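Going by the order they are written in, the chains are A, B and C; count residues from 1 in each one.
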Amino acid sequence: MFKQTGAISMMNLRSLPQRAGMSLATVLSIALVVAVLLGFLAMADGFQKTVDGTGSEDVAVILRGGSQAELNSVLSADQFRVLETAPGVATDARGDPLISGELYIAVDGIKRDLGTEANLPMRGVGEQAPHLRGQFDLVAGRMFQPGTNEIIVGEAVLRAFVGFELGETIRIGSNEWQVVGLFSTGGTVFESEVWADIGVVQNLYQRGSALQSIRVRLTSADAISDLEAFAEADPRLNELDILNEREFFAGQSRTLNTIIRLVGWPLSIVMAIGAFAGAWNTMYSSVDARMREIATLRAIGFSGGAAAMGTLIEALILSALGGLLGAAAVYLLFNGASASTLGSGFTQVVFSFSVTGGSVMAGMIMAIIIGFLGGLVPAIRSASVPLLTVHRSD
Amino acid sequence: MDTLYELTDLSKRYARGKETITIFEELTMTIPQGDFIAIMGPSGSGKTTLLNMLGGIDRPSSGSVVCEGVRVDRLSEGKLAQWRSQHVGFIFQFYNLMPTLTAAQNVELPLLLTKLSGKQRKERVATALDIVGLADRKGHRPRQLSGGQQQRVAIARAIVADPKVLLCDEPTGDLDRVSADEILETLQLLNKELGKTIVMVTHDPSAAKYAQRELHLDKGRFIEQVQESV
Amino acid sequence: MNDLTLIRKNLFRKKLRAILLTLSILIAFLIFGVLGSFNRVLNAGVELAAADRLITMNNTGFTQSLPYAYWGRVQGVEGVRNASHMSWFGGYYQEPTQVVQAFAVDPETFLAAYPEFLIPDDQRQAFIDQRNCLLIGETLARQYDWSVGDRVPLLSNIWQKTDGTSSWDFEVCAIYAPSMEEMSTAAAYMQYDYYNEALSFNQDRVGMIVLNTVDPAVNDRVANEIDAMFENSPAQTDTSTEAAFSQAFINQIGNIGLILIYVVGAAFGIILLIVGTSLILAISERTKEIAVMKTLGFPAPRIFRMVLIESVMLSLVGGLAGIGLAALLLKGLATALAGTLPGLAVTGGIFGIALAMMIGFGIITGIAPALNAHRVRIVEALGKQ
């Protein structure tokens, strides 16, 4: 049986060029289905990677109770001072606490792709801010001077927005800023931000000494409970939300991620039905074209099962080719491509499409299912070709 | 008898690769109105090619085909199609009926090229099917009919538009003796009663007996054998 | 019998093939119908935008507010017929996840700026007169089962009151209906004064100013004049038409248009491949029949036309079924999504485009087989046994 199947499959495949048009159409249509699925998954995965990778386990984000997002939160300078001496807060070599009071403003920038205005976050940060982001690296230029209109720009901002090149002066609202540095944070959300001195931002946007969020580095991930206990006991702090930074960001990617997947999957499944119809049609024609050949094989003793397997294997090979082609196309065209969307907090998050092994696997499985279902009925049909066909003259 | 066809110096050559194959050369003949000719000859002698030229579906390499004063070989494709629909009926060895259409619809097909009304078409179809004796099978599809019946439907299709000439290419080549005789009798009837001119290509000497005369085509030349009809 | 009978019989001669091709065409048009409708609704803000409405906001970005005094000053600009203002409340009901899109507005000028809100006269008056009045849309009313007279506390995730809480108490006293299908009725509106006087910070600021001009023709001049007026103030302004404002907001989400083009393009690419090759095959299987038709005297152009009509018919059968299915599907979704994406439906416009695409698609897939049929040479084709 196995030998027979092999022989018939080889014969089928060798005769493929005679049915080149329809076979190619099947391969390409399955490739398109897989490409659409992988496109959406790469978008979802890329966004998730950026946002989820952003938080650190040992950084705590402190917000006003119930505010959910930094944009809605208001904290006072008093609260900041109390937290500086809180237990669980790590210190640097000089013994200064690793804490940064931050405030961000959604400002307008011009996007490169559409040429339209979109919000980007300008974050006022304290001196210690770089030490609170895991992989902070000043790629070019230098840090801003506190008290000046100098900014450092995330790499993703440079990719997605116009006018943030090193050394440029950029006008935002009624203020002018000098770009003095370019930083990376290893592909996290912070790369979509522009950083300036907190004091300058508070001053220019009339925020007094108010902050939105406070970030602290913890001595260890578990130390967050010490911090919580401390805040609970202090009447100035007991209204605050103290969040593990990783969880804080993980929550933010969930909605968009769900939406992308909720659109991507049904869409590709519906398209897969279209491709399935095509595969079926192609395999049917393939069996049609080989009627006499199959009957001859059956007449000289090949089994019906072998004929069916031969047809099914042809379908599976075509669909696997389609799947690989679609995956390769998406990988080459989109993997690493930059995109941006509105994140939580009304500002753009720049991310890169990411084609993962898992989604390629999902795409291949989908391709194989299309091939299997499309080849099934024609395979059964080829097993039941009447032997008489061999004698028919027309 | 009036002359229907005049073939003058008719030649047909094919290029096959570098070779030129001559089917026949400088063939001259006339076919009078009301004739029933059986053309016989070995394979490749050009019988079918000659028939195709009479029917205006193939053109000679040189020479002329004149039918009732019309240079058929000089008509444009469009004019030729129109001429065929009005002047000739074709009957093939393998019937060539449309598998998706019923017997009546197959017969009606040529009438789509006329300006007849639906009602007139229906009457014509009924008459044609009556002549071939298949009035009771008009709703059947070709698949549901025997070979002989299918060929009779084909004959009905050939005569429904009332052409002067019927061109038959091995009309009994795929049939058993009994069915073949029925078909040949029908053709004879059409020739005698309705005055149709019939040109029939055949391999079968006993089929040729039904014709008024036999022509033997060999190496591009005719050897005529006039005979009494059966 | 006529040509159409022949075409129809040919189309469905291989039932399974016809069904499979129809199915794949159906799917492409289903996708087009659904995505096209979503795209239209997403862009409804741009379409619904009144030509005479302008939005003035803070130059820095739309999350920044403007001084209350600006409202008064823009009213003096020549060509401004009506000026109102809106402030984002950041509202939710009971739980932070139950978001209520709420705005604080100046009732009288707000109602004048948005005549598309349909409100009974007595309720309209109540919204103007009653300090704690909440004007809500039909969708919102349905969502929480609120009706006129209900007392509803709304919380803000941004603002705090001087008493330390973030909860404002309202009485629902007006409900608005949409005058256009695509209009959202999921929002709530409150009196600015009632909201502003309790604020612990950011008092006397407005989110944005909405203007109506006397004539769309003066829009540019009015916008320039307003922006120039605040050129040297701490809060500079950016004034644009409502349409441009809406467009910019959609673009923030991403290049949705491009994604839709990719997806719909892929869907049509698939059926183009499948249907195109299948029809070529179908016609080549019929070569002999076509030769017979030609022998009978059917002219080549007529056969060309018949094949083309056949492919257009196939496309129409699949396409109309697909659009029909899309319409049914959206009908189901429309009720579920009335809050976020109101007016989800296959409109005449989308149907028109789809119909044109069906015919175009039929012609594209039919042209090669039709040419093949046109070219069939009788003698050769009949020679093939």
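One rule holds for everything that comes next: contacts are C-beta pairs under 8 Å (C-beta built on N, C-alpha and C of every residue); 3 or more make two chains touch, one makes a residue touch a chain.
Here the structure is a predicted model, which means the values were calculated and not measured.
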item	value
Chain C and chain B - chains in contact with each	none
Farthest-lying chain, centroid of Cα atoms versus that of chain C	B
Whole-Å separation of chain centres (CA-atom averages), chain B against chain C	65
Chain A-chain B separation of Cα centroids, rounded to whole Å	72
Distance from the mean Cα position of chain C to that of chain A, given in whole angstrom	26
Interface hub residues of chain B, defined as touching at least two other chains	94
Residues of chain A whose C-beta touches two or more other chains	394
Interface hub residues of chain C, defined as touching at least two other chains	385
Interfacial residue positions of chain A with respect to chain C in the complex	21-22, 24-26, 28-29, 32-33, 35-36, 39, 66-69, 71-72, 74, 105-108, 111, 113-114, 116-119, 172-174, 205-206, 210, 267, 270-271, 273-275, 277-278, 280-281, 284-285, 339-342, 346, 348, 394
Touching residues (chain side chain B, partner chain C) in the complex	52, 55, 57-58, 77-78, 81-86, 90, 92, 94, 96, 98-101, 105, 108-110, 112-113, 157
In the complex with chain A, residue positions of chain C that touch it	16-17, 20-21, 23-24, 27-28, 30-31, 58-64, 90, 96, 155, 157-158, 160, 166, 201, 233-236, 238, 247-248, 251-255, 262-263, 266-267, 269-271, 273-274, 276-278, 280-281, 385
Footprint of chain B on chain C - complex, ascending	1-3, 5-6, 9-10, 13, 288-289, 292-301, 378-379, 382, 385
